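What follows is subunit A paired twice: with subunit B in the first complex and subunit C in the second.
So, the complex of A and B:
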C-alpha cells in the first residue's frame, strides 16, 4: 500500500517496466499458464451434471416406509412451519386399513414459486415424510408446472438418497415433450478441487 | 454581419449543455438494480443521485408477521452474496433479546465464525471480480468466480444451499459439520492465498487497473466517518474500526488477526484492503479449525431449540416440545435490543423491538450498502463518467440489502 518514491534507480526501473510492458507480461504469464492446466468448468447440460451434496434442499419428496405405505399423517406441521404458506395440506380419514395412523393427506400441494427452499418443512415433519430432494432443474413454461401435488411428490426420486454428490456423466434430452439432463449414476468424476 | 451570426451559431453548437442521463437499472456495470441519475456537462459529472428501491420487498414488514425463527430464510435474501453473515447478525440479535447469548455452545460459535469468514471471502471475491469486469478485466472476474465457487461448494456441503443457506438458527446452527467438510475448508485455506497472488499479478501491478483506480474517489477519514461508512470502505480511509476487534462478539476475541487499513481512501486502497482482508479471514478460519471443540451444536433450552430430529420419533415429551416449537415458536421478553456484526460490506445491525409475543413488534435492519451508497454524489462530483463506474464498484453495494 506504500508508494514508491525517491531514488532515481526505482524511477528508472519503473520507466523500464512500463516501456517493456512488464506488468502486462506478468498478467499474460498467469493466463497463458492456464492454457496447460486442467479444465474447471462443467460440461453441463450436454455431457455432465452436478449432483448436489446430500443435504441439498431442492424439490420436495413425500416418502413411504419400507412397506410402501405413505409416511405422511397430515399433521399439517409443515404448512404451519412454512414462512411463506406455500404448502397446502387437507387431511382425511384413511380407510386403507393401515391401523393406528388413520389420518392421511387428501391434498398435499406445494407452490414452488412461493417456496424459499429453507427446509423448515423437513425439520418440522415428525414422521420423515417430507424431504427436500436433490432435484433442482425446476424451470418451466406454464403456471401449472409450478405446483406439485401429492401423487407427483410420492414418486420415487431419480437420485437415491445414499448417493454422494459430485460430477456425473449425463446425457441431454431435448424433445417436444421434455427438456432434461439424465445423469448416469455409475460414472462419476472428480470435481476441480 | 452575416459572418458574426454564423460565429454565434457555431459557439452555441460548441458549448456543451447540461445533460441528465440515467445509468441503470439495466446498465451492465450498475451493480444490480441501481438507477443513478447523472447530471453531466460533457463527460464531467455535476451531480449523481442514486435512485434506489427497485428490489424493495418490505423485509422489515415481513418480519413483523413471522415467528422469530421463521424470519431466518428472509435474511439470506438481504445481502445474497454472503447469506451466512446475515443469518449470524439476525440470530445473534434474537439471542441477545432472549438473554442467551452467553450460553451458545462453543462448537456452534466456531462453526458460525468459520462460515461467516467464508462468506466474507465469497463476498470480497465477487466484489473484486465484478469490479474488474466493470473495468474491462474479464479474466480476473472469471478467476474470482472460480474461487468463489469453492466457497459456495463448501456452503452447499454444510448447509444444503449455495447462496440462500439459512444455516444458523436461534440458539446455534442447524447442521453439524463432519470431518470431510473441515478437510475441504483446509484445502480452501491452502488454495486461496496462491490464487490471491495470481490476482495480484493480474490486477495490482497492471497499469490500466492502477490508472482507473488510483486517486479516484478518494475520501478522507473524517468525511468517511461523517458519511457513516463502515467496513472495508471505512478502513481504506485509514480508520482501524472493525467491531470484530473493537467490541468482539461471538468468539472473535479468541483469534489472532490484524485489521488492515488503507492510507488515502481511494478506489485502489479499497481494492488492496479487500485483498488483505481475505488473507486475515483465512487466518481466522485456520485458527478456528485448529481449535474446533466438540460438543453440541445448539443450546439446550427446549423452548428455543427443539429436540434433535432423532430424539422425537420415540419420545412423547420430545415430540410435544417439537410440536410446540413448530406451531407457535417461542416468546421473547419485552424490550428492545440492537446487535451488530462486522459483515463483509460493513456493520450489519439488527434492532428488535419486542412486545413479549412470538413475533417482533418492529424489526429494523441497519444495512451497510444503503449507508455506503449515499456517498456517491460526494465522490463522483467533478469526476468523469468512467470514474463513476470505478467508484460504484469500489463501494461494493448489493441491492438486495440496500433496498431490503
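So, the complex of A and C:
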C-alpha cells in the first residue's frame, strides 16, 4: 500500500496521536456516552405496551350509535367487499329497537385466520358500523378463538377511540386462562422515538 | 505418630481456602457474563437480558441449564481423546493461577493469635508462576483447534499460538518492569512495596510506570484473546475459531476458562500496578474491598473496550507485538534500571 508523504508536522501529530491513544479515547467517549444514554428498547411485554395510532387496522369492532342501538343494518356489503371472504353476515328482522333499522344482523362473524386486515369492510360500510380497532394481540391456542362473533365485537374496546397512540406502562398477565398485556392508560412514556 | 495441632490446623485452613477460591472462581462467570451482556446492551441503547430474574440477573443460570441439556457433539473424524481434554487443559491452568494471587493483607485473629493470610500460597516467585501457568492455557486452545478436524478450528488454534508467542514476550517484559520497580518477585511483597499514598503505586512511578501499565494491558488483552485481539475466534472469517466444533458443556468450559483468564489479568493488573489492596486514601474500607473494586474497574474496562474497538487484522496484530511493544519494553527495561540505580 502506498501512502502519501505528509509534512514533518503531520507525521509528528500522527505519532503523538498513536502514542497518547487519541483515537481510542474518542471511541471510548462514544461508547461510554451511549452507555449512559437512555434505553430505546420497548420493554414489552413486561412493563410497557405500544398502543397504535388511531388509524391502525387491528381487530374489528362493531359500533353503536349514541343511543346504544347497533349501527349495523346487515346489508352484507362488508361481506361482499371482503377479498378473502372471511365475513359471514346473516340478516334478520327485529323491530324492538335493537338496531337503527328493522333489519339487523342475526350472525356477524369474522374468521381472523383468513382476514388480512385490508380495511375494505370499513370502507364499504354505509353506517360506519364496522371499524378496524387497535387490538393487535391476536395470537391464540385453539381454533375457536380465531372466530369472533357479533357479541364479542360489540363490546366496548379497552382502549377508547379518542386516546392518542404511544407507549404506555403496562402489566403482563400470564396464567392458564389468558396471556395478555394490560396497559395503564394514564402513564404514557415521554419522548418515545 | 500424629502431627501436632498447628500442622493440622494449617492443612485445614489451606484446604478451606482452596475450596473457597475454587467455588468463587467457578461461579464468577455467572455475574460476569451477565455484566458483559448488560454492558453490550447499554452501549447499543438496549437493556440487555431483562426477563429471567430482576434485570435478567439469572440469565446465565438459565443459559447454564440449557447448555447442560444440549447434545454433546463430537465430530466424526475428530481426535476423540484430545477433543475431550482440550477444554480441561485450557481451564485447569486458568484456575491454577489463583493459587499464587493474594487478595488482601494478612490479619491476626484475636484471642488465638493466629495469623490468617488471604492467599493459598505465597510463592517467592509468584509472578513467574502466574506467567508460566497462564501461558499453558493456550495449549487447550491449540489442542482444541487441532483435534476438531476442521479448517476453521485449526486456523484459530494456529493464530492463537502465533499471537501467544508474540505477546507473552511483551507481557513478561511488563512483569520484569514491575519486578524492577518493586524489587521482588513475590506478589505480596510487590503489593507491600506500593503501600502508602496514591503516588507510591507502580503506575505512578513516573515516567515509566504508565507506559508499563499500557503495555501490560495491551499484551494482557492479547493473552486472554479478547477483542481487539480475539483473532483465534474471529467470527467474521473463522466462524467461531477454535471452538467452532464444540457444544454443550465443553463449550461452556472454554467460556469459563476465558472469563477466568480475564479475571486473572485484571487481578494481576491490580496487584502489579494499581497498588493491590492499598487504598489511595485511608478511609477505613477493608483492604479486600479496595482489591475487588480495582479488579472490577479493570474488568469493566475490558468489557467496554470489547464494544469500542474493531478487531485487528492478523498482520497488524503481529506488527503491534513485534515492532512496537517489544522494542518499547526493551528501552523501558533500560530506563527503569537506570532510574533504579541513579534515583
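Quick note on the criterion: the second predicted complex is superposed on the first by the 154 of 193 C-alpha atoms of A that agree within 3 Å, B and C clash if a C-alpha of one lies under 4 Å from a C-alpha of the other, contacts with A are read in each partner's own complex, and residues count from 1 in each chain.
In this section, a residue touches a chain if its C-beta (ideal position, glycine included) is under 8 Å from a C-beta of that chain, and two chains touch if they have at least 3 such contacts.
Since this is a predicted model, take the numbers as computed values, not measurements.
Within the superposed three-chain model, A:126 lies in touch with subunit B and out of touch with subunit C [touch as defined at top]. In the superposed model, A:57 lies in contact with subunit B only, and not with subunit C.
By the touch criterion stated above, A:43 is placed in contact with subunit C alone, subunit B being left untouched.
When subunit A is checked against subunit B and against subunit C, the one touching more of its residues turns out to be B. Shared-chain residue A:80: touches subunit B; no touch with subunit C.
In the overlay built on the shared chain, the residue A:31 is in contact with subunit B and with subunit C. On subunit A, the patch touched by subunit B and the patch touched by subunit C overlap at residues 24, 27, 30-31, 40.
The part of subunit A that touches subunit C in the complex is made up of residues 21, 24, 27-28, 30-32, 34-35, 37-41, 43, 46. Residues 1-2, 18, 23-24, 26-27, 29-31, 40, 52-53, 55-57, 77, 80-81, 83, 116-120, 123-124, 126-128, 132, 165, 191, 193 of subunit A touch subunit B in their complex. Taken in their complex, subunit B has these residues touching subunit A: 66, 70-74, 139, 146, 150, 153, 156-161, 164, 166, 174-175, 187-188, 191, 198, 201-202, 205-207, 262-263, 269, 272, 309, 312-313, 319, 322-323, 326-327. Considering their complex, residues 39, 41-47, 50-51, 214, 304-305, 307-309 of subunit C touch subunit A.
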